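Paired with subunit B in one complex and with subunit C in the other, subunit A is shared by the two complexes that follow.
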Partner chain A sequence: MRRVLGIALALALASSARAGDAASDQARLEARLGPDVGRQVGALVDDARAAGLPTDPLIARAFEGASRGADAAGIVNGVRRQSGAQLAARGALGAGSQPDEIVAGASALLAGVPADSLARLRLARPGGNLVIPLVVLCDLVARGVPADAASVAVVTAARAGATDGALLRIRERIHSGIENGGAPAGTAGDVVRQWLHESPGGKASKQQQRGREPEPQRKKAP
Partner chain B sequence: MRRRSFLVPGATWLALALGFCVPGARAEETPFDVSPLAARSLAARGPLALSLAAEPGSFHWAFESGLPLGIGRRAAAGRSASMLGPWRLDAFVNAVHDREDATTLAGVGYALRLEHARERSATWLGVARGGSQAEGDPEARLRLGAGLAHAFKGVHTELEWVASGVLFRNDPRWSKERKYRYAFYDSAGTPKGRDTTVFDAADHSAFWNTGQGSLRWRAGRLSVAAVAGLSLGDGVTARRWAQGAVEWQLTRRVLVLGSLGERPAPSLVFHSEAHPRSMIGIQFAPWSSLGWAMSGSLQPAALAWKSEVLPDDRLIVRVHLRDVTSAEIAGDFTEWKPVALERLHGGWWYQVFRVTPGVHRVQLRLNGGAWRSPPGLPRADDGPGGPSGSLVVMPADD
Partner chain C sequence: MADKPDPERPHPHSSERVAAHSSERPPTHSSERAPAREEVEIDEKVRAAYRQPSAADEPARARLLARLAAAEPRRTGWRWWLAADAFRARPVWVAAAFVAVLAGGAWLGARFTARHENDVVSLTRSSEEAGTAPVTFVLRAPGATRVSVVGDFNNWDANATPMAHSGSGDMWVLNVRLPRGVHMYSFVLDGSEWRPDPSAPLAADGSFGGHNSVIVVDGAPGL
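Presenting the complex of A and B:
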């Protein structure tokens, strides 16, 4: 009985906190955007909250639009696009995705990365955090690397065991190559191939890149 | 040659006062500054400039202070607007050292220049007194100058005439004859008279004319100029002279300069950028305005970004910037309100923000320009304000 009471109390507290958050968000929105736009954005935020999506990026998107002089329709559309992208990102990355992964995935989708690339990235790093791979993927596309080439580059590196640090270094090398006049798609592929070659598990990585499991090491006959 | 003590001259203090007490004279960007001829203006260069240069067998320093005396008002858009239309009055003081002794002033000059500037041309009238006075030069009493400048594609031309009233002091070439009569007695005791003529060195006023033409070619931060002229007048033989000069705008405030050839003093008085002799050096103008010289080629640049997570969800951001007078950051953690960065040393700027761990979008703005993605950060999707950066904040280590 005591346990049931504890659970009920916890649920009540959580519900109360969410209601407090909602009221606070609504007040912030109306103070910054005006009552009318604030209510429209607030409704989208409430929908996202009900769907279990992060809400801070939606409010931030509304504030960004307001600070850059977007009109009411532009602000509401921007929030709606962000909300839709978050929903799609969670669908591609899996229901158990972290809020930061959903935010980074939404940014990647809005930059033009296809949803199936997010799903392949999840498969390439199952159980691992995907924030940095998604940020790198979004960066490459924003810098002009075609979405399919960027996806192949990041998924290949992630599948080969690239850590977050390695992915950020790969991003910098691709960036340098593009700045030095390299074609974005070719540069991304070249840098990842070079990284696979240089990385400690280079041979195994190359085999993984070709989609085969590495052959087990055979003992030489005496 | 008259020498003045380096420690005493009131003119130097006047110049210092002009330079240090009127930083407000640092020009706002005016229609003059965007003109191709803006580089000629003291208003753009700022109220103070110090040149240090090495010349064959000697060392050169020159101090200049100038004020744009135009009357301005603040326009509705926040830009300053001249109430004098295309007219502007510049006043400046310069001091240079004696060639043999770097601690002794060789001359202090004062000049006023009234300029009427159009989009690609300018005419000016000037009046000056004093100025650099090398060994053997006469003292300049008054100089009147007039000039006409025009900017063609990439090349600025200027024709100029300077008339100088000069004074040769105690010069034996213009001696004054004096006769002395005195009497003496000869051996017989008879008084006799005799005339003796004495020639005393005398002051002599003369009128000099200097005509000159210049061509200046400018590409980015580099400027190459050729100046040639003819000086003639009473007391001197006609003199042809020419000088080539190269300038490299290292930063907005620092100009690297080099010149080959000599220019006479009348050629220098209305030009703050002129160099008297062959030399290599730098000019430092601490309050130069955005419109100065080759600043059109000095694009503000963001070079590097460093951020460090501090306890209590604080994030210190340092950004390495070049040729920047103001910098702001806006992001979701500032609710997209611009927050000004504070200047550190060595081109670094910083600010501390309260940022929760997670993925954030951020933008940077330099000199009030367009919002851009900060340097080094991965790009996020473009929002309504243009390119943004992705800032990934990890939780602070406990």
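Presenting the complex of A and C:
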């Protein structure tokens, strides 16, 4: 009986803590943005909270708009876009996605990456964290690589077993190639093909894609 | 030994009794006529024989029990669980077992709950200790007199996190601890010029006219 009462008390405390968080967020928004904009943004934040989406990025987006000097409509619009992108990112990545994945996926969608690329990325790395692949994908698009070419490059590398570190090195090489005058789309494709050729996992994946079995590794004689 | 009856053979008194009832004479009723003396004697003998305790034939009893046991199929495996008379127990032992199971369940439940409470405490402590990671921001900004970092970790406040000028060069440096996770940030030069980090991945344009940078704290090396 005492334990049941304890559980009920814990639930009540958690509920009141959530209500306290909402009130605290609302107070912060109104203090920074003014009562009117604060209320509008607060309503969007409440909707996101009810939908189970991360709310901190929405508040941060509103504060960013205020710091960049955006007007009231621009701030509310920016928060609305962020919220919609998070919702779409979760839909594409799956309901069990981590909050960081949703934030990174939303950024990629806002950059122009199609939603089905996020879903393909999830299939390419099932069970793995997608934050770095999504960050790399968003970065490539933001640097001028067409969204389709960037998606193909990152999904191909991820499917071939590229680790987060490998993806970051691929990103740096594409960045360097573009800075040296290479066409963004061509550079992205060249870099990923070269990585597939160079990396052991990439070789195996390439051979499997051609329908051949990978060559067994020869053991050195003792 | 001679007076010990053989169970395989009919009881001597039984044959006598059968003979008494299987007499060829038609049955007679006491209401019709009085029983003859001879009949009364036979009846007395039969009654006396039934009153006499029969001598126990232990080997025969053992053989009979062995046959019964052999005739009854043994309930093994799943049949034992389906048998109606799988086992017998005294009510006092059943009650004691029930109390023991209840006590064991309560003990296990209390222990499980306590362990989870400890987990929560230890997780909270570890997140308090290791929930942040050191991050160093570096920017080369020739000609700038004031540089700060703005991001979701400081409410995008340009006055909250100023960078330090490193000696005589153009480098500006800031060491901070940031919560683990994905963060958007930017540099603000002289209070008005927003500039993304040239060494970090870019985030999407957040509809306010300009890209931010992305940092993944404790996500992967190199960011």
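The working rule: the second predicted complex is superposed on the first by the 195 of 222 C-alpha atoms of A that agree within 3 Å, B and C clash if a C-alpha of one lies under 4 Å from a C-alpha of the other, contacts with A are read in each partner's own complex, and residues count from 1 in each chain.
Note that in this section contacts are C-beta pairs under 8 Å (C-beta built on N, C-alpha and C of every residue); 3 or more make two chains touch, one makes a residue touch a chain.
Computed from a predicted model, the values in this text were never measured in an experiment.
With subunit A as the common reference for superposition, the partners subunit B and subunit C occupy clashing space. Once the two complexes are laid over each other on the shared chain, residue contacts for A:A149 go to neither subunit B nor subunit C.
Of the two partner chains, subunit B and subunit C are each touched by A:R32.
Once the two structures are superposed, subunit B and subunit C can be ranked by residues of subunit A touched, with C on top. Legend: residue contacts after superposition of the two complexes on their common chain; A:V191 is shown touching neither subunit B nor subunit C. In the superposed pair of complexes, A:A157 makes contact with neither subunit B nor subunit C. Of the two partner chains placed by superposition, only subunit C is touched by A:G165; subunit B is not.
The superposed model built on chain A shows that, among 20-28, 290-298 or 326-334, the segment of subunit B colliding with subunit C is 326-334.
Once both structures are placed on chain A, subunit A residues 32, 56-57, 60-61, 63-68, 70, 74, 78, 99-100, 103-104, 107-108, 110-111, 131-132, 135-136, 138-139, 142-143, 168, 171 are touched by subunit B and, in the other complex, by subunit C. Taken in their complex, subunit A has these residues touching subunit C: 3, 28, 32, 56-57, 60-61, 63-68, 70, 74, 77-78, 81-82, 99-100, 103-104, 107-112, 129, 131-132, 135-136, 138-139, 141-143, 164-165, 168-169, 171.
Those residues of subunit B lying in contact with subunit A across their complex are 330, 332, 335-338, 358-359, 361, 371, 378-385, 387, 390, 392.
For subunit C in complex with subunit A, the residues that touch the partner chain are 113, 150-152, 155-158, 181-182, 184, 194, 201-212, 214, 216, 219-223.
Only residues 32, 56-57, 60-61, 63-70, 74, 78, 99-100, 103-104, 107-108, 110-111, 131-132, 135-136, 138-139, 142-143, 168, 171 of subunit A touch subunit B when the two sit together in their complex.
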